[in-house]
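The structure's right below; bear with me while I get my questions together.
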Amino acid sequence: MTDRPSVLVISAHAADFVWRAGGAIALSASRGSAVHVVCLSFGERGESQGLWKQEGMTLEKVKQTRREQSSAAADVLGASIEFLDLGDYPLRVDEATQDRIVSIMRERQPDVLLTHVANDPYNRDHNLAHETTLLTRMVAQAHGHDRSTTPIGAAQVLQFEPHQPEVCGFTPELLLDITPVFDRKTKAMQCMSGAQGHLLQYYTELGLRRGVQAVRNGAPAGVTHAEAYQRTYPTVGDQLW
Amino acid sequence: MTDRPSVLVISAHAADFVWRAGGAIALSASRGSAVHVVCLSFGERGESQGLWKQEGMTLEKVKQTRREQSSAAADVLGASIEFLDLGDYPLRVDEATQDRIVSIMRERQPDVLLTHVANDPYNRDHNLAHETTLLTRMVAQAHGHDRSTTPIGAAQVLQFEPHQPEVCGFTPELLLDITPVFDRKTKAMQCMSGAQGHLLQYYTELGLRRGVQAVRNGAPAGVTHAEAYQRTYPTVGDQLW
Amino acid sequence: MTDRPSVLVISAHAADFVWRAGGAIALSASRGSAVHVVCLSFGERGESQGLWKQEGMTLEKVKQTRREQSSAAADVLGASIEFLDLGDYPLRVDEATQDRIVSIMRERQPDVLLTHVANDPYNRDHNLAHETTLLTRMVAQAHGHDRSTTPIGAAQVLQFEPHQPEVCGFTPELLLDITPVFDRKTKAMQCMSGAQGHLLQYYTELGLRRGVQAVRNGAPAGVTHAEAYQRTYPTVGDQLW
Amino acid sequence: MTDRPSVLVISAHAADFVWRAGGAIALSASRGSAVHVVCLSFGERGESQGLWKQEGMTLEKVKQTRREQSSAAADVLGASIEFLDLGDYPLRVDEATQDRIVSIMRERQPDVLLTHVANDPYNRDHNLAHETTLLTRMVAQAHGHDRSTTPIGAAQVLQFEPHQPEVCGFTPELLLDITPVFDRKTKAMQCMSGAQGHLLQYYTELGLRRGVQAVRNGAPAGVTHAEAYQRTYPTVGDQLW
Amino acid sequence: MTDRPSVLVISAHAADFVWRAGGAIALSASRGSAVHVVCLSFGERGESQGLWKQEGMTLEKVKQTRREQSSAAADVLGASIEFLDLGDYPLRVDEATQDRIVSIMRERQPDVLLTHVANDPYNRDHNLAHETTLLTRMVAQAHGHDRSTTPIGAAQVLQFEPHQPEVCGFTPELLLDITPVFDRKTKAMQCMSGAQGHLLQYYTELGLRRGVQAVRNGAPAGVTHAEAYQRTYPTVGDQLW
Amino acid sequence: MTDRPSVLVISAHAADFVWRAGGAIALSASRGSAVHVVCLSFGERGESQGLWKQEGMTLEKVKQTRREQSSAAADVLGASIEFLDLGDYPLRVDEATQDRIVSIMRERQPDVLLTHVANDPYNRDHNLAHETTLLTRMVAQAHGHDRSTTPIGAAQVLQFEPHQPEVCGFTPELLLDITPVFDRKTKAMQCMSGAQGHLLQYYTELGLRRGVQAVRNGAPAGVTHAEAYQRTYPTVGDQLW
């Protein structure tokens, strides 16, 4: 590990990080942060309808295709990626997996964590990713856990905007200006298009819409694209705005 | 008006801004912001118990003393101040007053507004100050209001920490590092000590406590004092933390 | 005023205190508290359907009938009563009325206040009674208000159970055992029966239902009737239960 | 008044009903409902930036233009419309106006009411329109109010989707299929385009987005456009879905 | 499976579906829906006090009695029923059980699901039934799960009214008119009377009370009995009310 | 077991009960209650930073030290204590442990339970302690569970004040006067000082602060120290305050 700022993304399914946080990832990477994505599952059962419509598709093929697509997207965004292959719909996280995620956190020493919201009534895998992130973050902070590695600091946990935000109780607390990297996010989203192509338009429009809201909330006029996040903890800082 | 950043504080009573936002004011002023405090009332009836205990006290004397103390405190903090003398317990805000506050906003062109929370079950004057701030901010933004002055931008409204935060539903979203100016806040609080001296210790301890929380939430170890604020709108920016 | 404990009830309409708090009133009175009811209006327009169905009814007759019924009910419950006649549907509370209520509070020196919830989507008069209670309580506490009378202490504000509690966000925090006085509440409710007779059965059943819930939440088995209240402030005490 | 179902829309500003409820209005009208729109103000100060940019614009001209545009839009949607001209930014509603709205309700005998949300931190005029609707609905239901007209029934109040729904605590509870009338909503929106043309694209996309969500929540595949509403009261009915 | 509408009820304990949803079940069945009840447990430990008071009672006898009573009740209501016998107080749901419930969902292809609320502080079995329903619904929707069966659609999840609704944060969003089938619900409740007879009166009164509320919220005057439900997702439709 | 009132404290880590509930424990014990503390873990990994800084520290030594300190503190407070040694960061509670806690509850027959809040974003062990308490309380109440022991009654669950209360959604509902026993709480806190000495000052100040709030909320002037608790269920009683 170097002294570069570190961003760690915990994604329930292989594509979530692209649609929901591609801008944040590309932005951070473009500024020198080391961004690492942990995909808990490939979303092979629940989020690969396009692939399943193909003749002769098998679970392994779906997973392999998703792995390739997500890896390509991560590469475009400037992030490293790993896949824990825990299964989806439902995602299951056992104690060994918790330990593994703690290890990743301690190795990566994240300055900020990105993951899903706490309560998505449509998708309980997202909820489990949220809970797993808070739980492993707590363990990774503990001085008495695995004395051979270094506890992490008090990283903020930014929650992705879910697909139906108002039904999930999502409140945008950060409108992140991703204008300079939106073309990169677009390229990353195109990597996923075989599986979920119709989402490309959706998230392009969402980026624009959040960009407009950013300006309405005080961003400079040049801001055109944004991503929304909800914070889990207070921010700390020495500026009022 | 110059190009300096502008901070506008709407304080229900003459002393609120000192206890609750003295650090933010001093910090902003020390960095070159133009900070202006609008005291809606002197807190003459409801927040001047110490003065009322003195022999021969009258309403005018209380108001005069409060004016002097608050002016001295504002001076220490580096802020300008004005008093609207609207009465307290209860505070009343009529249409003409709303217009006057709009004028102040347009003149000051605030980059950020500071005021009270929306729902304090102990103190409805605080609620009215909150509502007045949101309403006048909206008017001050309107292009068709008073075409001779300039609409303001989309300034964030930071809400002060109330005295019993948990009962007011207050959620700290910003822990502001006021370490470099805490001595100045202390001096300002001392200006008020005739009226509400026991609060000096309270807010000194609160500053330390919020400082500890800031560190627990990721601030550098050197941070020792903080003030907590709740935001009204999402933040906008190009950084994850 | 004597040293008896003092209970003050702020009722939006002339009958609310009977249905919603008759048990609390009778219980307190039976133990020696001085209970006083302030009816902000007679509920003459919005809560007197039965009377309006009568031939030749006029607003004055409705008000007079309601006054007589409520006075009789208060008498049965052991409370004194006064009527501010502010009008209903909508209730209106001006500054002079606020001052008058403050005077009543200061005269009565209440140990506890009873009134409506903050947000009843069906009945905004209830909301205004709630807001008025919190506002006048604040003023009545102020040392600088009307130096000829004595500020009140920090009386709890207990909120009545509204008619459709779940839609009003009502959370029962106190299930008050009114078993010993339920016959008295029944008699008081019967005083109102000309106007709103069908409510007698409703509130009888509600009393039983809340009694069952009281037992389910730990009351002794002998408890058969209760009333539910939501608190506005924390309780203080030296007992865990 | 005939036996046609009656829909009453309370719009804070002259254009709100078009963007936020144009589909519901056109749909209801196309099925035979009598739809009436009450514009509390023209939005002349706060929502007419486009007009104010024109040379020599005056308040009266803005209001006149807004009146013409909104009337044209209402006509396209199949609704009647009236303007109360109460002023905007801030909107003010006095007692006489409340009475007037009650009269309109009693004349129209609405089966459903449409208006704004309770708490929009950006726009307090919306909040006042909400509060006014609930208050006047209550008065219009009162048997003792104006014995010469007929009390209304328990009409549902559907709340429009605000412009930044997640920041207003808006929860979609009804996704209304407006597919058959979206072209009509488009035409109505085009009537407003001089003033707020950039909103046409925004609400076109929003209609599509809510249409997709409707399908995701169980609507038939042919549904392409929807509007979201939050309910104020429980629905009643004899069907589970 | 035929083309009849399909209703699936997930009941934590053997009797919950009778008390809380008997009306909805009978109503749906009487109109031709195929209604199926899945009892996760018999409620043998926690909800069979009456049986345990009998001499010589054993766990098996309690379970057998509960099975017979619930089967008889389901028969009266017109529903089929099955028992998963997962144990109660606490209920436990393992992965195999989740899969089994997914299979049932896929076989039944429900148009609507009925189950418990998310957070009952008195009864964590209810919470687990809620969570299990949302989780298995998600899996049953997944295209990649068990390719030999057909994914379900986006069925609404209606949440039962809990026994102490206000303490569980329950908000009634649907007041279902069960007037035509209340006699049938009564007969079904009588099937359970050996175990929990005192509940018959309670739920009879609740049915009447919710019926009165239905009328107050706009139902026709002939409605006398109702059941309350909270929705999990927005409704979709083409009608405003 | 005798007829003494019984208080049962479920503490996630070995020290939580001292800092957060030491006053309640000492107060109850001083009045004759039998107070028993169940420490689910020693807090050996996550809450023993001081010990881990010592040379040659091992997990067993940390646990032993924590056991000794907590036992000494319990002794000072007048409580008995036991340690379940379930591990911390993360705490894990399996079915056998649930049964064991049920047994303890049935043996102790608590009149009141004390434990952590439901949702602490910093510390998921606290959440699990909360959930475990509600779940085992439910089982311990069940008549059909372990027929050889006696079901418990409907004990209130009082939730400790967490370390960052506003971020945990903590609402103080009981400000418990611990003035008479604060010296005892201080002595107990000193027992823990090797591990978490800096907390002594924090909780001394918190005690004073909550004491001031108690007085502001109506406690007699002699009250100087308090602890805050949130209730899980309504209180039952025959007094308004």
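Note that the chains are named A, B, C, D, E and F in the order they appear, and that numbering of residues resets to 1 at the start of each chain.
Rule of thumb we're sticking to: contacts are C-beta pairs under 8 Å (C-beta built on N, C-alpha and C of every residue); 3 or more make two chains touch, one makes a residue touch a chain.
Being a predicted model, the structure only gives us computed values, none of them experimental.
When chain centres are set by their Cα atoms, the one at the greatest distance from chain A is C.
Mostly differing positions are employed by chain A and chain E in their mutual contact, as under half of the interface residue numbers are shared between these two copies. Seen from the Cα centre of chain F, the chain whose own Cα centre is farthest off is D. Look at where the CA atoms of chain B average out and do the same for chain E: the two points lie 53 Å apart. Chain D has its Cα centroid 37 Å from the Cα centroid of chain B.
Counting partners per residue, chain D has 122, 167, 172, 213, 216, 228, 233-234 as the residues that reach two or more other chains. Chain-to-chain contact here is organised irregularly, matching neither a line nor a ring nor a star, and falling short of all pairs touching.
Touching pairs of chains, sorted by label, consist of A-B, A-D, A-E, A-F, B-C, B-D, B-F, C-D, C-E, C-F, D-E, E-F. On the side of chain F, the complex with chain E involves touching residues 95, 98, 131, 134-135, 138-139, 141-145, 147, 157, 232-234. On the side of chain E, the complex with chain D involves touching residues 7, 24, 27-28, 111-112, 114, 153-156, 158, 172-177, 213-214, 216-219, 223, 226, 228, 231, 233-241.
If you check the complex, the residues on chain C that touch chain E are 122, 164-167, 169-172, 202, 205, 209, 212-213, 216, 228.
Within the complex formed with chain A, the chain F residues making contact are 44-46, 48-49, 52, 59, 62, 88-90, 92, 121-125, 167.
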